[in-house]
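Alright, structures below, take your time with them.
Next come two complexes built around chain A: one with chain B, the other with chain C.
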Partner chain A sequence: MMTGISRMLTGLFALFAFSYAHAAQPADPLESVMWDYTREIFIGDADYRFDTSIKVEVPSFAEDPTQVPITIDARSLKGRIERIVVWADLNPIQHIFNYYPGDRASPKVSLRIKVQQSTAIRAAVRTLNGEWHIGYAQLEAAGGGCTTPSMGNADPYWQSHLGEVKARRFATDDMQGTRFKFRVIHPMDTGLVDAIPEFYLQQVELKGPDGEAVVRMELSPPVSENPVISFDLDDEREGYRLWMRDNGGNEFSRVL
Partner chain B sequence: MKKIGRSKGFALTALVAAMSCAGFAQAGITDKDILADQMTTDDVVSNGLGPRAQRYSPLDKLNAETVKELRPVWSFSFGGEKQRGQESQPMVKDGVMYVTGSYSRVFAIDAKTGEELWEYNARLPDGIMPCCDVINRGVALYDDLVIFGTLDAKLVALNKDTGKVVWKKTVADYKEGYSLTAAPLVVKGKIITGVSGGEFGVVGKVEAYDAKTGDLVWTRPTVEGHMGYIWKDGKKIENGISGGKPGETWPGDLWKTGGAATWLGGTYDPDTDLLFFGTGNPAPWNSHLRPGDNLFSSSRLAIDPDTGKIAWHFQTTPHDGWDFDGVNELIAFDYKDGGKTVKAAATADRNGFFYVLNRENGDFIRGFPFVDKITWAEGLDEKGRPIFTKDGRPGNPADAKDGKKGEPVVSAPSFLGGKNWMPMAYSQDTGLFYVPSNEWAMDIWNEPVSYKKGAAYLGAGFTIKPLNEEYIGVLRAIDPKSGKEVWRYKNFAPLWGGVLATKGNLVFTGNPEGYLMAFDAKTGEMLYKFQTGSGIVGSPITWEMDGEQYVSVVSGWGGAVPLWGGEVAKRVKHLNQGGSVWTFKLPKDS
Partner chain C sequence: MRILTLLMVMTLSIPVIAAPLEYNLSAEKVALNTWFIEGKTEDFSFENGGNIVNTAFIVTNEGVVVLDTGVSRRYGEALHSLIRSITDKPIKLVVNTHQHPDHFLGNQAFDRAVIASLEHTRDQIRQNGDAFAENMYRLVGDWMRGTEVVVPEKVIEPGMMEMGGHRLEWIELTGHSGSDLVLYDHTTGVLFPFDMVFYQRALTTPHTPGLNQWRSEIQQLRQIPFRIMLPGHGPKVTDHRALDQMSDYLSWLDETLKSSAEAGMSMTEVMALPIPSRFGSVALRQAEFERSVVHLYPEYEVAVFDH
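Coming up: the complex of A and B.
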């Protein structure tokens, strides 16, 4: 029954897209054929503006489509951020992650992703007053990052090391706070490879010394195998903890 | 992309969730629902159609007269390349079917249309060690959770509407050979599970988990000498050594790796408030290494569901030397004897004997062979203990000249048993048990062996052979009061699927040749059969929806026979694999 309803709704959204939303909204500077479709999915028919103050940093060419480093930097955006939604227009699974900054977070995050082909990468930032600001970049890539079996599939290493974390604390580039960088062992299987079910970290939380969530993320399978993620914080305190949970229900927690 | 939710994004998912809450809100499943399952015909919320697992339905629209009008309404494919043995029993609640597939997969299906609602695929490590195919026998339902056991020995609770993991607990270490394949049992808000792994020298156990949180409540080892524990206010408290102390019925340290896996799960009798779990073979198979009865292997245990204490035990094969792995289900039933109601329970053992026990205290009432040939025992004594045949046991390798291979014997039944895992049914109308059984023998010999963690721990070699050219499988109608066989149906391939009896004077089962079959419960006449496209080794169910009676069964050949079947495997090697649920109904107008 859910499938039936969602089909019906998809149809409804498609109707809206053609009858109303299309004309009034700014055109995509990257001229991606998927813009209207993916925008509809992730921000609905809300108003938005393209905003170059949101930096989406990608390499000039993604040599390895299974490990593409990207950075989303929304520090120069005016206004408090409610969430950042990041996706790749032409990935079979478009959604990459959601990022929710808490009070002491500095809205900059770096990680590695998988891409299936050259694609627009979007970072849609929603401010607390409900505006959508869209950052973007075009990523040139060789193909196949989402449908290649994870390395973990050929090597059973992950099975006995699942969820193991290596983490370091750095100074940030502007010396204003703290940067945490961590790497966690996880195959991050997309479910698009035959006979390998999707298996990926879904939730990541960086908790402050008082147990409060300073940064919260929701990941999708296009985040690379053995994710490497770095967060910036406006905070010098010690006692941070990293907590993660995957779609198999495994939970991992570690003091940083 | 199987899930529409994620690809279509978050706003939509939220909307769908909101709509499903508004339009289809359903109360969660309670203990009461599970206890009443046998009589509530619009759902199937327990393995065995009620905690006693009688596999009897009071539905009678579909009956010996109308069954010829039974017709398929949908078939659902488990998909992928994971088509192995499908031994699941589907569950149905509020128009949704929950069924498991091979390789630890769960599917939620619209019971009207056969359309998938969600699926969950456990990501299994390569190192899983299932002895007998990558099967699963079904889910448990409780509250808004769908709970099942995985091949890497974890219990996983999924939300019934989304298929998302709510909690997950490690029951045992798969690297030591443990796995879970049975459907969990729900009793008084607790998930009760056993473990598989008897071929790897594990220690069998029964455990209870809080159904809502997944917290461990008690653990009861099934090998003499191991300590049980119970958790009170988060504290782990010693709860008595199973059997009192080590070394009573085991020599040396053998009890430490004693097997007795509880791999088939259990049943529950609300009358006596007892769990009944069968226990598997002692490890290793070579019995000369472990003189003694080897408690509690190849036994039935009655366990208190609140405390995890063993109330009584009955051992069917003491000092098992043939892998008569007596896990078979113990089914509570009442019968009249001279006007007096007897609270009995029955089990058809791998070893070829059918036992009727007093379920209040485990006393032996009667026992008799249910297969045509038994070589290893001459009969049962007045306590139900087997009278061993001289030279019926495979020889001790230590007696051989080279010390490497003991004297082989021909033994019937074979180690795959007079009856294996496939559950029998009890009809409250005919008072008969319908027992899926097999006629086969084996050559078996012993070899030296020592325990190594995670390695097969057998110390035996074997090969199975049929006893008859024309058939191996025999579906039998057995009278538990007289021991008489009322009728039999003979099947060319071994029978490996569960049985269902209904008030419509019908008995359903499937065969490896692919047919779902219905028999007249009184005469054994075959009244209906339908080809499902692959072998049936699962258990059929029936329920009612919109005033029509439905029947469902999974189809997908596999299980232990093609892997361990020796000469028998030749009879089944042409059978093709599959993986689907078939659903049939009797249309209103017929």
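Coming up: the complex of A and C.
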């Protein structure tokens, strides 16, 4: 009898100690099995908080898993951001992009991505004082987006138009600033399709009239083919330039 | 050992215990010799087995004309026995009205020598059929068991066809899927626009050649003096309500995408726009609007880039 009670107590104590140990790091609201693993990769052992003011906007279903629109909006932390790291927990290539806003950037970025199956999408925002704020959304998908050959693979159009940019300057949705939206021709091959090596844009920079980087991005292959990206800025100046480089060393640059 | 046996027996019996998958189709006589089988205005699901499409048949003196075969072999078989419960006449013609899976994957239940479609539709089914079928297995699961693509053997030429006392006019359009058949039965005044017209169920756009094209073909359908219209999805109507809803929604969608692109909006921002309350009675409006943004917005975006 006594043994039974003491065993129960030990068990309860163990449970308590276990939950206490985990209370230091918040549990994943999306309960993804990959959270601890991907978190370790992208933010290491750092403390973090889940922050619903970081908006991760995704459609209710990924109609085309090779072209899933997402918007990351971290304007609630404006002026304090060092970088934003965006990834998909259950993609074979988890990392999607890093975004580094300069002083004149308004931290809102939209683009299209590939997903392999339903997955949590994370936007980990590191502030200048070293805090991590994690925005998140669950994306439902049928899948296959990362292992489908790019459309360009069946059509040689891209070969003669690689890096060709179409762009336009708009007002932002709050009419307070400038939005640059552009499309660039690039196959963005993931390397996960048989006999098609990875070939993708790695670096994107929006340079101001003085040549300074106002927005800098590092892309990974899950960014969709022929990327369409929009950047928001708190800036009315003219003379912006877009600069990009892919993993084949090709550089592309043009005035916006 | 006994427990193991018991477990094995239990495992093996699960499929037997599970409720049988049955469509329980019923046909409504909507005009002389004309029967309408109305599907649900839902999306494909494990619950509805993909019974979201309207099918129909006409019992002419020469034999039966079947208009679409449904989403699966099981649906096709259910449709076949429903026809047999109503008439003994031979099935003379089975038509697949366009390339989408809910309109031709029931073909196995019918004699392949009498299955027909527009020529371009036949090419589309040959090219995309297997991918459509695979997707349907994912969407509705076991309802699809045994379903395989049967490509139509015969070609329907647009124009008049006399059959068993019915004057059937086949019209070739493109707005919904690139190759869309419409049937007007001059004898009964029934217009079958098939998926050129969705009513009270949001239209789908994965293969439309363009919203303006679709809209202008809806104008063309207004010229037909029909008495009853049986849309491809949604309830039958006796007036222009379904055409009005189509024109209205197509115009709104086109204008919304155009003005959004002009404003530089991103896809997720467009998806978050409110849908006007006048479409409040249309099933699946939000989901289909989001899908349409994915299908169509890239072209609107490219059109406004200035260099």
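Operating definition for what follows: the second predicted complex is superposed on the first by the 231 of 256 C-alpha atoms of A that agree within 3 Å, B and C clash if a C-alpha of one lies under 4 Å from a C-alpha of the other, contacts with A are read in each partner's own complex, and residues count from 1 in each chain.
In this section, a contact is a pair of C-beta atoms (placed from the backbone, for glycine too) under 8 Å apart; a residue touches a chain by one contact, two chains touch by 3 or more.
This is a predicted model, so every value here is computed, not measured.
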Checklist entry - Can A:95 be said to touch chain B (first), chain C (second), both, or neither? => result first
Item to check | Of chain B and chain C, the chain that contacts the larger number of chain A residues | outcome: B
Checklist entry - Counting only touches as set out at the top, which of chain B and chain C does A:129 meet: first, second, both, neither? => result neither
Checklist entry - Touch check for A:249: first (chain B), second (chain C), both, or neither? => result first
Next on the checklist: With both complexes superposed on chain A, which partner does A:179 reach: first (chain B), second (chain C), both or neither?
Outcome noted: second
Item to check | Partner chain in contact with A:70 - chain B first, chain C second, else both or neither | outcome: second
Checklist entry - So, does A:61 touch the first partner chain B, the second partner chain C, both, or neither? => result second
Next on the checklist: Under the contact rule defined above, give the chain A residues that sit at the interface with chain B and also at the interface with chain C.
Outcome noted: none
Checklist entry - Of all residues in chain A, which touch chain B in the complex? => result 1-7, 9-10, 13, 41-42, 44, 92-95, 98, 156, 159, 187, 189, 191-192, 194-199, 220, 247-250
Item to check | In the complex, chain B residues that touch chain A | outcome: 1-2, 4-12, 15-16, 19-20, 24, 80-82, 95, 105, 110, 115-118, 121-123, 125-127, 156, 161, 164-168
Next on the checklist: Which residues of chain A touch chain C once you look at their complex with the stated criterion?
Outcome noted: 57-61, 63-64, 67, 69-71, 110, 112, 142, 166-168, 170-171, 173, 179, 181-183, 228, 230
Checklist outcome for this item: Listed in rising order, chain C residues that touch chain A in their complex are 135, 138, 263-269, 271-272, 286-287, 290-291, 293-295, 298, 301-302, 304-307
